[in-house]
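In the two complexes below, chain A is the common chain; its partner is chain B in one and chain C in the other.
Take a look at the complex of A and B:
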């Protein structure tokens, strides 16, 4: 099956997305007013700590936020599919898998433990009305072979017979085998050893280029983003605080949180004390401020305006930053 | 298939050892129970004015033998009999081999308990899935409460309740006995109809008292599986609901097979109260009567039969797992 060129890769436009979770204290936002564009054929990385809302954002791309959460506002426009937030029922089910592939964290058991990979592949094919199941199996075998696995053997295996790296490649295969062109990878290398990590990232990069995909990588590991992503978005407390081309953001971070994150990474050479941890803790759903800047509690550049006004995301060329202090400096 | 054969061989060997150990223990325990029916009979004959020789002769005529050997000799005798499936002769029913008595009683226990257990299993499993899926709604609450309630009521209370309602207040079913003696035993409508009629209340008691356990176990198992990542993964891959439902059901039912196999193993001995209340001539009633009659051979035989049933049920459960759960299967097969 010939793969469409990268010019056919769909674009994804997330606009004003807000996702709330129902708690005893009312509905609290895990993702608040996030706008992000995934350019066709690019890899975008989202970095954030646990609880920053990055996984919730990832699930929103498939309109799959789990109860008690729900998408309260905003839209997710995908070329060739329309606004995913408006989809429901059979149309939503068919969009998942066929248009948008989702790859789980390797440590998570994303396969039915009682069935072989091959049988689950057939279940997937039947779910999406694939007539040529032989062709589907052939495609799966090719994909697995492309990722350095013995396709026939893997299809004949159960989940417990596969290593973490193998499972992750099976996850990528299942996300792509129906020819989805938007792919979301949630912590693709977490819980894998360094060599397997490097391997998986190489595969992500190559498959992305070969098949002409639009890819979103969610991670807490800046190293992963630096390795694969064209663009980088930094999430904190449910907000996107900074985004831009990966090299520029990592080379010259503007938002104080991004700067703190990069400073916290220990280097292989040089004094270990040069790495400085960010003071304080990330907010949880219950403690995230409802007014003002979400990061002000831990911010060295805190000003009075941060207490009351939520900084707007302001574009500076290819970079977008949401910080009062950055705005002041730019204009000074 | 060789793995299953090897497993089976191992299980049978272990099972055999267990049976021998249990037979030994129950032999000595039963032997140490105070009271001796032969001595009682002997003394009664003496009291009636017989000479010791005549009294001993009378006992021997009744039971067919006189106990003379040492404990060790009795034990080896018993065990060598076991190997030939000879469990001895019943004392309370002189002249009848224990095996025959057990066989007759087993017939009356197995069918009703099997029917009751399987019925409650099927109903409990299906309703348990609903209780799990609707666990936040009223239907789920109602099902869970019905489960807890029936699980909490003792079997014998339930049995008496059913007798009061369906045999006394609304007398539509017979209160006790296995069958009406009016009918000619055999394959005729009247006899079979009477059998079924008499079995309804005991079976209903087994089913109702076991149902609560099944629904609660299945509910919690389904809730666990619903939280598993692979269910969300299947959903995010756009799998059909019917396929996801099968994934959930098959994974959730797995741990329940252990309980099912064990309760089927226990079914031979677990019916004591119900058979007593319904005067049903099964193994439970037989066990009570054999204890009352101090019929050691019968007692030992009944204990042994229950042991064998439990061990066989365990072996069946384990082999069944190698068939339905690939993770168990490949424990010995992998690479």
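Take a look at the complex of A and C:
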């Protein structure tokens, strides 16, 4: 897929990122030693189940992990901005919105129920010191129009007057209106209907290409990533277990978790007995193993080394996989 | 056997800013679910599928029509007389986190309905304990480890199994599962779906599955019937795999076209159908309810409302003047 405006899209390099949460049992890692590069002008999708650390990773891009959590190690380098982990105070606040746009889950009601969308837009403009508020409103109206909404009407509406799909588009508008070029979408279509979901995903793809963005989509739904993302990264128990070009990962998954996850998706056609649930259950912050592979409890390829050594993320061509079993087969 | 004829339900909104606007949740729906059979209701949110499920479970009243359970019409009965009939139909809700009392152990949760049951049939405490262990084993949980646990000590998948076990304590004839897997982690969903299918086969319990996710509807069994509901009307109805593979109603086709394609594993359907505009219920509908969004509408569609029925060459029932098969569903690459 060509990205005509990718010249201005910034790259993002997450390196060795570890985020810990303080609990009565000590500091436990929700994200452990994650390295991920978002190439300029691409859409990357992160897939994971609840508790995999995907939302914590997304918040780290804004350096917005709330206490009791903290970024314990690693860096998030964004072109034209530097290491976000090192930013603080006013500089960090300005970077959010101006450099990095964040689209929250529609169901989370991220809009203020007491103010019209237009008032919230003006608040956003003032807090970022925008002088030309009229221009900002014009830009917002154009963006909403681009997404198939009546801009003037939406800006005059309160959130309860908008449907789920409309709210989601308002969220995308608010993330982009300050001209951010790195955009994070957290569960962009959860709680939306199928047809609305297809609509939003189409808009995400188009706006991404038109504005020259670097986009990160966080979701539990592989279908969403399959529709929009160029690259796919799979998270489990705070670790990135596999990443690579979406089609390649879906067509030939290497990590046993990726394979199990794809096999567990209910499909519309084909033999229904081929789909199988993964045994066991995903780990939580408290039950994730501190040593060895995080997936071994549910893994069919479990070996002795998995008990003691956490597999390193190793590149195999365009694919990066963290699994002892995959390495063995490669060398055999 | 549970049947419904011409079920109609209108919600009237009073005393707020939207006063006077009626919402027609169901417009004369017929259904029949055989003993041990399976059916799925699919449609977007607000289409009336949940309302219909709640009516079938006896949790909601209806304005017109008739529901019969095991051949007994419900409308002639007093509420007290209806109770034993509706007890045979148990509901499994979407959210296993709020469906269980957080201050009760699994043991306590299961004892409440069992105590009622024991009182009615004159059985002992020992029977209650045995039965509790039995229903937990049926849903694939180990009674020894689970009975003393509180809901927060269980995963989402285990909680949903406890909810199903609780429903089984009263020996139901039918389970109504309303979006029962949408809040369960992806890797565990199939386990719950397989359990529902297994209960059908082993206990002869019929299953009514309500969902917006068409793919999961297949997993309750290939003999299941699929009902596609749009704005309170069944627009297409037939065997699950027939409707998914060869849909004829443009609304069903839009729904199926909207399902994400797993690029790399699947190829998109060749004739995807995209609705013309988004749903707007504020305008009056004189003809087909889907006409305003339908890319294939004709003049007839705007003046006349099609009713559910059969036409030549189409194996399933549909409510469309111009039924036509279109290839909308993604195909696995391995089959191409």
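Here, the second predicted complex is superposed on the first by the 328 of 332 C-alpha atoms of A that agree within 3 Å, B and C clash if a C-alpha of one lies under 4 Å from a C-alpha of the other, contacts with A are read in each partner's own complex, and residues count from 1 in each chain.
Following the convention adopted for this analysis, a residue touches a chain if its C-beta (ideal position, glycine included) is under 8 Å from a C-beta of that chain, and two chains touch if they have at least 3 such contacts.
Keep in mind the model is a prediction, meaning the values are calculated, not measured.
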With both complexes overlaid on chain A, does A:249 touch chain B (first), chain C (second), both or neither? second
When the two structures are overlaid on chain A, which partner does A:262 contact: first (chain B), second (chain C), both, or neither? second
Go through the superposed model and pick first if A:214 touches only chain B, second if only chain C, both, or neither. neither
Among the partners chain B and chain C, which is in contact with a greater number of residues of chain A? C
First (chain B), second (chain C), both or neither touched by A:198: second
Touching A:56 in the superposition: chain B (first), chain C (second), both, neither? neither
Sites on chain C touched by chain A in the complex: 44-45, 155-158, 185-191, 193-194, 212-216, 218-219, 222, 244-245, 254-265, 274-275, 278, 329-333, 335
Residue positions on chain A within touch of chain B in the complex are 59, 62, 64, 66, 93-98, 102, 104, 108-116, 123-124, 126-128, 158, 160-161, 171, 174-175
Inside the complex, what are the residues of chain B that reach chain A? 228-230, 232-241, 243, 247, 250-251, 254, 324-327, 330, 334
Flag every residue of chain A that touches chain C in the complex, lowest number first. 49-50, 163, 165, 193-199, 201, 220-224, 226-227, 246-251, 260-262, 264-270, 272, 275-278, 281-282
